[in-house]
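Each of the next two complexes has subunit A plus one more chain, namely subunit B in the first and subunit C in the second.
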Partner chain A sequence: MKRIVVIGGGLAGLVAATKLAGGGSSVTLVSEGLGGLQLSQGTIDVYGYNPGRVRAPMAAVAGAPAVHPYARIGTSAVRDGVAFLQDALGTGWLVGDPEVNLQLPTALGVLRPTALVPPSMAAGQAQAGQRWAIVGFRQLKDFGAELVAGNLARAELSRGGRIEARPIVLDLPPRSGESDASGLVYARAFDDPAFRERVVAALRPLLDGETAVGFPAVLGLTDPEAWTALRDALGVPVFEIPLPPPGIPGMRLGRRLTAVAKQRGVRFLAGSRAIGHEADGLRLTGVVVGTAATPRRLRADDVVYAPGGFESGAITVDSRWGIRERLFGLPLAGLDDIDRLITDEYWDDPQSVFSVGVGVDAAMRPVRSDGSVVYENLFAIGGILAGACRWREKSGEGIALGSAMAACRAIEAG
Partner chain B sequence: MTRMSADLVVIGGGVTGAGVARDAAMRGFRTILVERADIAQGTSGRFHGLLHSGARYVVADPRSAMECAEESAILRRIQAEAIEDTGGYFVQFAGDDPDYADRWVESARAIGLPFEEIDVAELLRREPRVNPSAQRAMHVADGSVDGWRLAWGAVDSAKAYGAKVLSYLEVCGIEVTDGQASAVRCRDRRTDAEVVIDTGFVINAAGPWAGRIAALAGCGEVEVVPGRGVMLAVGHRLVHSTVNRLAVPGDGDLIVPAHTVSIIGTTDVRADDPDQLWIPRVEVQQMLDAGERLVPGFRQARIVHAWAGARPLVKDARASGTDTRHLSRGMVILDHASRDGVRGLLTVIGGKLTTYRLMAKGLVDLMCEQLGDPRPCTTDTEPVPGSESGHTHQVSQRLRDRENDRLTEQLLCECELVTRRMFTDALHENPDASLDDLRRQLRLGMGSCQGGFCSTRAAAVACAEGERSAAEASDALRLFLSNRWLGLWPILQGDQLRQAVLDNWIISGTLDAEHLPVASSGSRR
Partner chain C sequence: MDDLLGLVGHAEARASLDHCLKCTICETQCPVAAVTPLFPGPKYVGPQAERFRADGSVDHSVDYCSGCGTCTLSCPQGVKIAELNSQARAAMKADHMTVRDRIITQTIAMGKLMTPVAPLANAALRVRPLRVAVEATLGIHRDAPMPKATSQTFMAWFRKRPVPSAPAPRGPVVFFHGCAGGYFEVETSKMTVEVLEHLGYRVVVPEQGCCGLAQQSNGLFEQATAAVLALCDRLRSAGSDLPIISSSGSCTGMLKHEAREIMGVSSEALRDVGLRIRDTMEFLRELHEANALDTSFRRQDTTVVYHAPCQLKGQAMGLPAIDVLSLIPGVTIVESEVACCGMAGTYGLKKEKHAVAQAVGEPLFTLIRDAAPELVLCDTETCRWQIREATGLPVEHPISLVHRAYGLSATRARRADPGAPSGA
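Right after this comes the complex of A and B.
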């Protein structure tokens, strides 16, 4: 049985660990933090902008430029990755199709492209002629219903036509007397049927034959029926609109995926950071983990490195603008003079520095600029890969899933 | 076109102009102040934040030192709310010239500037992060001053005495009739409307832009050399008091604690245009090195923001071309009646924020003299609105306030503890304000997340309150974020770069703000 260490517990690491454990390997997942999935909006973005609005994400993946991670990952790994995730989560977790983008409202009222979403968001697919009520809560500051509705109402749909949208703001704290409640507190409240009843009672008289009602994405944390119960009680389609972190839909996915990974035998070393490695020539033999007591050595036949990018500290920039990969000191692609990497433009092109990362071969093994492999059995996936500004492109999940699949194939074949 | 009239038009809403407007209004002149942007958005909001005790100038310029000592004492009485009484240290470090310290002590004694020499061990007990190579330390009465609050305090006082204060009004012409300044022509930058103010007197307090204003009245060749200085803010208080090097004043020899941050500065390089002040990376590195010398480990601290201001100095034949520090630091008053044959027009350039009240007094005294209408100055006795209690501000004040209202108030900005009510009050009071204008009053978006979380909330609240349409709120958000970036990109590294990525995931990733429908052209200025 192969011993595999996966470093990083975000979407890429969780999926790779689950897949490899399901295939019969002995997998240990080492994770310092929770990973971006738990902070995210819980949609599966494949390719949203390149830089124009993408309608057919898989076609855009196929046409990705040579420096883009998708050029090495390839379409079949992306398709497999999405399918694997859908399957692993089970029915009722994700709907949609990587071939076609949906256009769903954000908490600023922008129609944002994404490929797969939790079913609780699906009714937010924008179509001309719809009449929406956008419901906010006075005590939830991350969702301004007036701004969302106002921007939706002035949006021109890509296929023409408009949506009507109007705000409704409920003065309904999740716990009595609470004036500043986070999305998480609301989500827990929505797990409680009594709170949902209060929402329905307050909202029903205010509705006026709308075709759908949009809520902040806080409709339940653990109860998957919370949003359907609300929908049924209101008698109108309901959809969730994601909020800034903490992202409840991302937390739901993260919890579910962690549970599935454990079921399939993945061992978790949570709250521990990988601090070193051992190698024998071109092969890694182990990973050193900084656990509470003493550094611990995990032997490994293969290492999957899914540590995220700058945001998680896997790639650091020091005070003299030296850019480094923290754990293995991997060569970085996309480096340039700092004045070209970071410029004064905020809204125009994305800053090039954010595309700096690890370059890989088709097996997701980090390579030097001459194409030579750094370690034969080290595979880098997800946010650490060079060549994409994922939040601009709306490509984070697609890259994570596709690169995880590509690495798993290589490991399982090897 | 709108037409107004006044006894005095003050051009420029920095501290100097605000001080002149207050002084003149208190003496009973019908006064109008015009500012092309927001109050204190020029040099008075791009400075270092030091309330000078005078200690910095004791050796080179004892007269300035005494002025600073007197004026900072007056400001503590009349504008306490704008000041944090931090105290300060002048420290001689290993390698600094010991003779300078001796000369400093001698001069300070000679002019009677209060100071106390303390043991290095005592210094390090009070300021444990200061470089332990310290050799000698002098405690002085330096403070930390908020330039926006200082200017707004003077403006509020001026208004209370009947002055009109008009911001976003750009002066584009000065009419001179029979050798006498007679009207000021302005353009409203928000509506493009023309405003003409008939007046008997004009005081040009446009700081580094003052040469251009003088030229509008046909008074040429007032060459103002912008000396650009770069400052960096570290996201927490490395020191409790100001810390200066006890050495000939130079680049990066001062750290000022201001609200939640500490500011290192500054450089001094000749610039061409006060509207185009670059923050070169070499100067950022220079400031990081300078910070490291004063407080070891400075490079590992989190730099949250950078800005640059222009020292508005009048060119003097004695100075070399590129180093503006050798120019006189005192202010220059140009009397255009004697200089150019234009009566009723004075230009003031230079000086220090700390001595703005004295400068204003000097100008209004001169105006009274020219008008043959002597009226006494009373600005030194009466506190401005908001400072009546005489209490200086403290960094812990907001925390105390939030402890009291935490059950009833919603926090819009967690970093700087700005509540929804603080924001809506400021918004209703300044219905035309941009999010940046409100930021300068509230510190919204000035903390470590630099607006990543609070900016969208603020835009949403402005919309919810009915003060902004969704389109206006969205434009305001876009402008706010790109303006924050001006002070971020030159310093982005370490934890602040990491923060910027998280902010990007929120603003761009989750919210897709870059695809907000753009109503206006989304200009950067």
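Right after this comes the complex of A and C.
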């Protein structure tokens, strides 16, 4: 049985670990803290902008520029990754199609392209002629129903036509006396049928034949039936609009995926920071992790490295523009024009520093600029890969899933 | 630089706070903030409030932090959130430490007082008017779980039992029993010794004291530092380079990292003990990884709920109990996946925190009641008291199942009653 160490507990690491454990390997997932799914919107972005708005994400993946991770990952690994995730989560977790982008409202009231979404968001697919009520709560920060409805109502849809949208703000604290609650506190309140009844009682008299009702994405944290119960009680389609972190739909996805990973035998080393590695020539033999007081050596036949990029500290920048990969000291790609990595035009030009990362071969093994492999059995996946500005492109989950699949194929064939 | 709170460990923990991205992951995982608005959450009272602290001026809501450490464990940026909160609480309480918080940290005194009069002490703790009076005068909640005294301490058992006749080819190991393992959870200590001896070790038990964890979590850093350093000297007196094994999951955490990270204790003795000490299940797992664990376990057809205590998870070693118990044929393990049982050391004993502690533990209690297992397993003592009190089920250290699967429980039963049937 192969011993595999996966470093990183975000989408890429969880999916790779789940796939490899399901294939019969002994998998240990090391993660310093919880992974990025906790902060995500719970949607699967494959390709949203390149730089114009993308309608057919897989076609955009096929046409990705040579420096982009998708050029190495390829379309079949992305398709397999999305299918694997949908299958692993089970029915009722993600709907949509990687071939076609949906257009869903954000918490600022603009339409965002994304490929797969939780069923609780599906009714938010924008179409001309719809009449929406956008429901907010006076005590919920980070969600202005007036802002969402106002921006939606004044924009012409890209294929013509408009959506009618109006705000409804309920004065309903999630816990008695709480006046400045996060989405998390509301999500826990929505798990309680009694709170949902109060929402329905307050809201129903205010509705006026809308085609759908949009809520902030707080419709239940642990109860998967919370949003359908609300929909059925209101008698109108409802949809969730993601908020800034804590991202409730991302938390649901993360919990579910973690549970599936455990079912398939993945061992979790939570709170452990990978601090070193052991190698014999071109092969890694182990990873050293920091536990309380003592370092611990995990032997490994293969290592999957899914630590994220700058945002998680896997890639660091010092005050003299020294940019480094923290754990293995991997060579970085995208540093050619180092003086222009950050531009003064904060909101306009792409900040190319965010495309700096690890270059890989088709098996997702880190390579040097001459194409030679650093370690034969080290596979880098997800946000650490060079060549993509993930949040600008809306490509983060597609890269995570596709690179995880490409690495798993290489490991399972090896 | 002079430290703002005048605490040794504070400067180091404070240095981590600029790593906070305000990402909210700790907020989502905090079991206390989930059940009460009295605690605004680890990010608010931790890295956020820390920026405003000077000369000990701290907000009082930090006192509702139970110190379970779930925030630090879940932080992807390495911010020492729980440690900052423990330090802020210590600074806040410094000039008005309650009698209650001094008394409940005297774990050895409690054991010494109760053991000689165990039946009487146990009975007294069930007397309602007495508990009501204790709540009114001391602030220890009338329904808070209390330890059950035994008539013989572990130390007396270890001294008086027949000297083991089997050879010990693997040489000596030091056993650290902890206060609760010495006076209250005596069976856990006995079973640990018997398992270690079964594996071929000679168990050495030096005279030892308290690790100071209860004092630390109540903000009595000076006393706790003295206690932990004295303990390190005693554990080291048994021999250098020997592994130190303990079935007291939280005391092990104190020696491994909490004394250093929360109180800033930096001594060679502590570093040495921290490197050598292993949680019992962690030790067994290391043996197995080195292909040196006897895995001839007898089949145990049973379903158990395993709850990993917060202070064990904080040691960042994964869940060694599950790794080891999975080797026993027939055992089905239901992992609780609940952050904390609510007790968090002495938090759940306190009058003003008891309701919060019960609410924190409720998801765990519900899970256990629904699973209705034959046995609940948990590595730390006060958590076992809390879960026993709430569910009425037997709650034991994971070593008990290992003990049974090696046939040692049957051996002991036969020794006590030669007519008893063999087999586990």
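Convention: the second predicted complex is superposed on the first by the 411 of 414 C-alpha atoms of A that agree within 3 Å, B and C clash if a C-alpha of one lies under 4 Å from a C-alpha of the other, contacts with A are read in each partner's own complex, and residues count from 1 in each chain.
Here is the rule we go by: a residue touches a chain if its C-beta (ideal position, glycine included) is under 8 Å from a C-beta of that chain, and two chains touch if they have at least 3 such contacts.
Everything numeric here is computed off the predicted structure, so don't read it as measured data.
Legend: residue contacts after superposition of the two complexes on their common chain; A:G13 is shown touching neither subunit B nor subunit C.
Applying the stated contact rule after C-alpha superposition, one finds that A:A155 touches subunit B and leaves subunit C untouched. Of the two partner chains placed by superposition, only subunit C is touched by A:R296; subunit B is not. In the superposed pair of complexes, A:M251 makes contact with subunit C only, with no contact to subunit B.
Of the two partner chains, subunit B is the only one that A:R392 touches; subunit C does not reach it.
In the superposition on chain A, A:P57 makes contact with neither subunit B nor subunit C. Of the two partner chains placed around the shared chain by superposition, subunit B and subunit C are both touched by A:G177. In the superposition on chain A, contact is made by A:R267 with subunit C only, not with subunit B. In the superposed pair of complexes, A:G313 makes contact with subunit B and with subunit C alike. Ranking subunit B and subunit C by residues of subunit A touched puts B first. When both complexes are aligned on chain A by C-alpha atoms, subunit A residues 36, 39, 177, 245, 311, 313 touch subunit B in the first and subunit C in the second. Note for the complex: subunit B touches subunit A at residues 281, 285, 288, 299-300, 303, 406-412, 420, 453, 456-457, 459-461, 463-464, 469-471, 473-474, 477-478, 481-482, 485-486, 489, 492-494, 497-498, 501-502, 504-506, 508-517, 522. Of all residues in subunit A, only 28, 31-36, 38-39, 175, 177-178, 182, 184, 188, 245-246, 251, 262, 267-273, 289-294, 296, 311-313 touch subunit C in the complex they form. Only residues 19, 21, 23-25, 27-29, 34, 37, 72-78, 253, 255-257, 274-275, 277, 313-319, 323, 335 of subunit C touch subunit A when the two sit together in their complex.
The touching residues of subunit A, counted against subunit B in their complex, run 36, 39-41, 49, 53, 106-112, 139, 141-147, 149-151, 153-156, 169, 177, 179-180, 242-245, 247, 309-311, 313, 316-321, 338-339, 342-344, 346-347, 351, 353-354, 390-392, 394, 396.
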